[in-house]
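Right after this note come the structures.
Presented sequentially are two complexes of chain A, the first with chain B as partner and the second with chain C.
After this line comes the complex of A and B, so read on.
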């Protein structure tokens, strides 16, 4: 068994995670965490939907920001996908998607302030990068046959529209719909930095221990996501997309001078701005690396590796919950509900909730990342097992799980896991804003001290780290010959 | 239930539309989010109504999620007036030349930070922070917000003075709770053993009977320092007419509504100048928050 490369790779990653655990900070520091957790669940089962007059407006704004952001991102992503074969375009797309929505929001807040454009761009920019990559992969896989059959002299645009798009249309639609769901999550968490979406009210109720109010918001959010197939209809889409911009709210007017100031002064490294010249840049950068970047990178990497393995373990434990090969329909329904909740709740919200309940350490972050990502992967491979047909005399129960199904789905499980490696790292960095000492913590500290030059360097470092992990993840998937799936 | 729901829906849609007809000449102000949001909205909505009546212009309060967001909105001229802490005021006025501290609370002339500890630590109150050095070392500690004067700047300064070390080296865990109310709740619950907060928040929560005195107690009080103030942009007269700045100042100084003052909590507002905050600026420079 140990001679299998997939098993060896898995064991190496488990070993790295175990070593990381030695250096990590895992603890429950609150004195009565279970009582708080109980209070929270009590709040969820006794939701108060009438707490705040702003709740319905916030829900509307959450949907509006998601629609506009995803629409702009998808349109620009599609155009970028057409030229994705050029290296500079690929690098550009990799770069913009390596920066998390919340970091984009924090950047735009500095010069657009509380204008709707801040929220729209924060979603649209990273999403454009992701759309470009996935759309181009889908287009590349299109069957070349129809194009070869076209008469000579057919225009490039006609050929593209009539011979290529029809073949990929279904996949493009499925992926865009999936992204819309992600867009709703992104839109909701933008509230945590002050935009008028759900996160704004969620943070306020949570920090004051108003669990029934927070429970109501979470329930409304789950209902919103679970009912997407009902209210998002192809025929209604144009209406949604065209009307969404009118429901973003007015915010505060943009003062364009701020934009120029941000780019020509704020983000210029302090020594250059103060006329110390290049000589001052060395000590400045050194201070930034030693006191912020390096500790941030260290904690981000450690936390990512632990969360990655925890995600894997959780996914493997969770997939039987939704698999047809185990249990009856009632248990599967509960399994589905659990996994839907786990994957619909943004990591950021989960981590925020757990931090409030358990006190600050890496533990809430690990559990949040594992629940969300493990929920997604568990759901995907659980669904995959349903297409496996077992022999009538196949083993049952535990043996069926360990010797029949797990080995069969293990390769695609690893493919999903390494695909999400980079996503987990991006989220790990951002969780720093909540007070865990990953890169986001230092970015937030720099912004709180109005040191945008430092914040920008740290964001760039975070982006490079993500690009590095993404490349490594792709390398490992190629080495192990794992099939990659664009929709994960 | 259903009618209440419909009513709220109608009210929120009205709010939505009324927000979109607000003109460019709305006088907008904000405040650092140093306490629970419900309290802030209640307090500053009252101030907005009061100022709107006194100044004869539309006045709007916008809530923000961080101290930096308040400073940035002020700097970007998206708000023209702000209720800042000592440090955020100094940072904002440095970024906006011509801006002025207009008025401070009576209590802000000599503000204090209280160090509080969970009673399970057994730490007894002392007159000097250095006397508590042995008992404090290795404990878990929470500041308020990263940009707070009484919740971060002054406590960090005094910790560095007493120990000659950074807080991260003195305590086993250092956190930022986000605001003063949360610092109080976290130390009361034992999530952190020790914390530092705004003394007015402590007193008000104590008067309201919201503190479990068996669980948390004050262990040290800092020497006084200047804190909160109203700061206004220098260019408001160009936009709202001559003498507007003076009108705002007078309106703030004349604010006598006891309920509104109680919500701050301040006994009244008195004139102040930028120079009064020099000690804060120096302290911030000393510990590297300002450059």
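After this line comes the complex of A and C, so read on.
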């Protein structure tokens, strides 16, 4: 078995995770973790939908920000996809999507303040980068033959409209709809940095111990996501997109002086701003690397590797829950509900809740990342097993799991896992804002201390780390000949 | 008068020569049938000819090149995309003009599928799809037809009807086909291809079916 490259690669990653575990800080530090958890679940089963009108407003804002952000991102992404073959465009798109929505929000908050534009751009910019990449891949796959047959002299746009778009339209639509679901999650967590979406409401409820209010919010959010096929209809879409900008709320007006100051003063490295010249840049950068960047990178990488393996284990344990090869319809229904909840809850929300209950350490982050990502992969793999036909006398139960199914889906399982490696790292970095010592923690502290120059360098480092992991993940997938479709 | 003339045509696949060197001169008014065993190089020759004439010909490739997501009308209309402005074409995608509709609809009527005007191409049978590609080629209104097995999926009477239509609508044509009887009936000149070379080139009135069978 050890001669299989996929098995060897998996074992190497498990070993790395075990070594990382030695250096990690995994603990439950709160005094009454189980009682808190119990109170929280009690809140979820006794939701309070009517405590304040704030909940409905937050829900409306969440949907509005998601629609505007995804619409702007998708339109710009489409234009970028048309020129995606040029290397500078590809680098640009890779870069903007390597920076998490919340980091974008933190940047825009510094100069646009709590203006709706902050939330819209925080979603639209990284999404444009992702849309550009995926759209261009979809467009490249269009059948070239109809284009070859067009009469010479056909205009470029006419040729594009007739011979390329119709062939890809279905895929473009499916992917965009799928991204809208991701956009709702992104929009919800923007509340954690102060925008008027569900995250803000959740944080407010939690800080006052109003678990029933928080439970109501979570339930509404699941219903919102689960009913997307019902309320998002092609015919209604233009209405949603056109009216969404009017539901973003007023926010606070932009102070243009802040914008100018941000670009001309705030983000200029301190030594240059204070006239120390290039000579002062060395010690400044050194201090930044030693006291913020390196510890941040170290913790981010450790946590990512542990969370990656935890995600894999959870996905492998979870996929039988929704597979037709095991259990009856009742157990499968519960399996589906569990996986829908796991994958619809943004990592950030899960981590926030667990952190409140268990106290600060890497544990809530690992569990949150594993639950969310494991839920997604488990769902995809489980669905895949449903198309496998076993011989009539195939073994049952545990033997069926180990001998028949797992070997057959293992390659696509690894493909999904390595695809999500970069996503897990991006999320790990961002979870630092909650107080775990990953890169996001150092970015957030730099911003709180009004050191925007330092914050920006740290965000750049985070982006480069993500691009590095993305490249490595792609290399491993190519090496092992694994293929996958994009997931978010 | 010569419709086109090519010389020294060659094609290789995986380092192995599959066609030529081959020279060919086709006069205006020639209705050429390319016959020969499958794999002899007929499809490759049709492709090369299409490139040689600068894509000025109407081409019916073997895999048809239809846009499956579009209805029959739009697939046929694509034959004249070069004649209209981008705005006209773009609007046609949303709401076709009545004049175009009636022309395309009449053409489809001659091919026996007028009622399929708005059917998505993906929902058609193999023979119907073949006729859509033929309609597109005719709609393009060029003088030269290059076609690769255009009637292979049509039943007997239908194949005759379509071949007659192609003969009447194009001044000059080069059609690859395996049906010897159809080739003799609707073409004026038979070119036999064997191992990538011209093995036979005669006016069809001088040939009978058995002369051609030796190529197979």
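What we mean here is this: the second predicted complex is superposed on the first by the 486 of 488 C-alpha atoms of A that agree within 3 Å, B and C clash if a C-alpha of one lies under 4 Å from a C-alpha of the other, contacts with A are read in each partner's own complex, and residues count from 1 in each chain.
What we mean here is this: a residue touches a chain if its C-beta (ideal position, glycine included) is under 8 Å from a C-beta of that chain, and two chains touch if they have at least 3 such contacts.
Quick caveat, the model's predicted, so the values are computed rather than measured.
In the superposition on chain A, A:6 makes contact with neither chain B nor chain C.
In the superposition on chain A, no contact is made by A:384 with either chain B or chain C. Shared-chain residue A:200: touches chain B; no touch with chain C.
Touch criterion met: A:166 reaches chain C, while chain B stays clear of it. Of the two partner chains, chain B is the only one touched by A:450; chain C is not. Touch criterion met: A:148 reaches chain C, while chain B stays clear of it. In the superposed model, A:48 makes contact with neither chain B nor chain C. Of the two partners, chain B and chain C, it is B that touches more residues of chain A. In the superposition on chain A, the residues of chain A contacted by chain B and by chain C do not overlap at all.
On the chain B side of its complex with chain A, the touching residues are 1, 4-5, 8-9, 11-13, 15-16, 19-20, 22, 24, 28, 36-38, 62, 64-69, 71-73, 75-79, 91, 95, 120, 140, 145-147, 173, 175-176, 178-179, 181-182, 185-186, 189-192, 289, 291. Of all residues in chain A, those touching chain C in their complex are 143, 145-146, 148-155, 157-159, 161-163, 166-167, 169-170.
Residue ranges of chain A in contact with chain B, taken from their complex: 25, 29-32, 36, 49-50, 53-57, 60, 109-111, 113-114, 192-194, 200, 203-204, 207-209, 249-250, 252-253, 255, 258, 270, 359-360, 435, 444-445, 447-451. Note for the complex: chain C touches chain A at residues 54-56, 59, 61, 63-70, 74, 78-86, 89-90, 93, 136, 140, 142.
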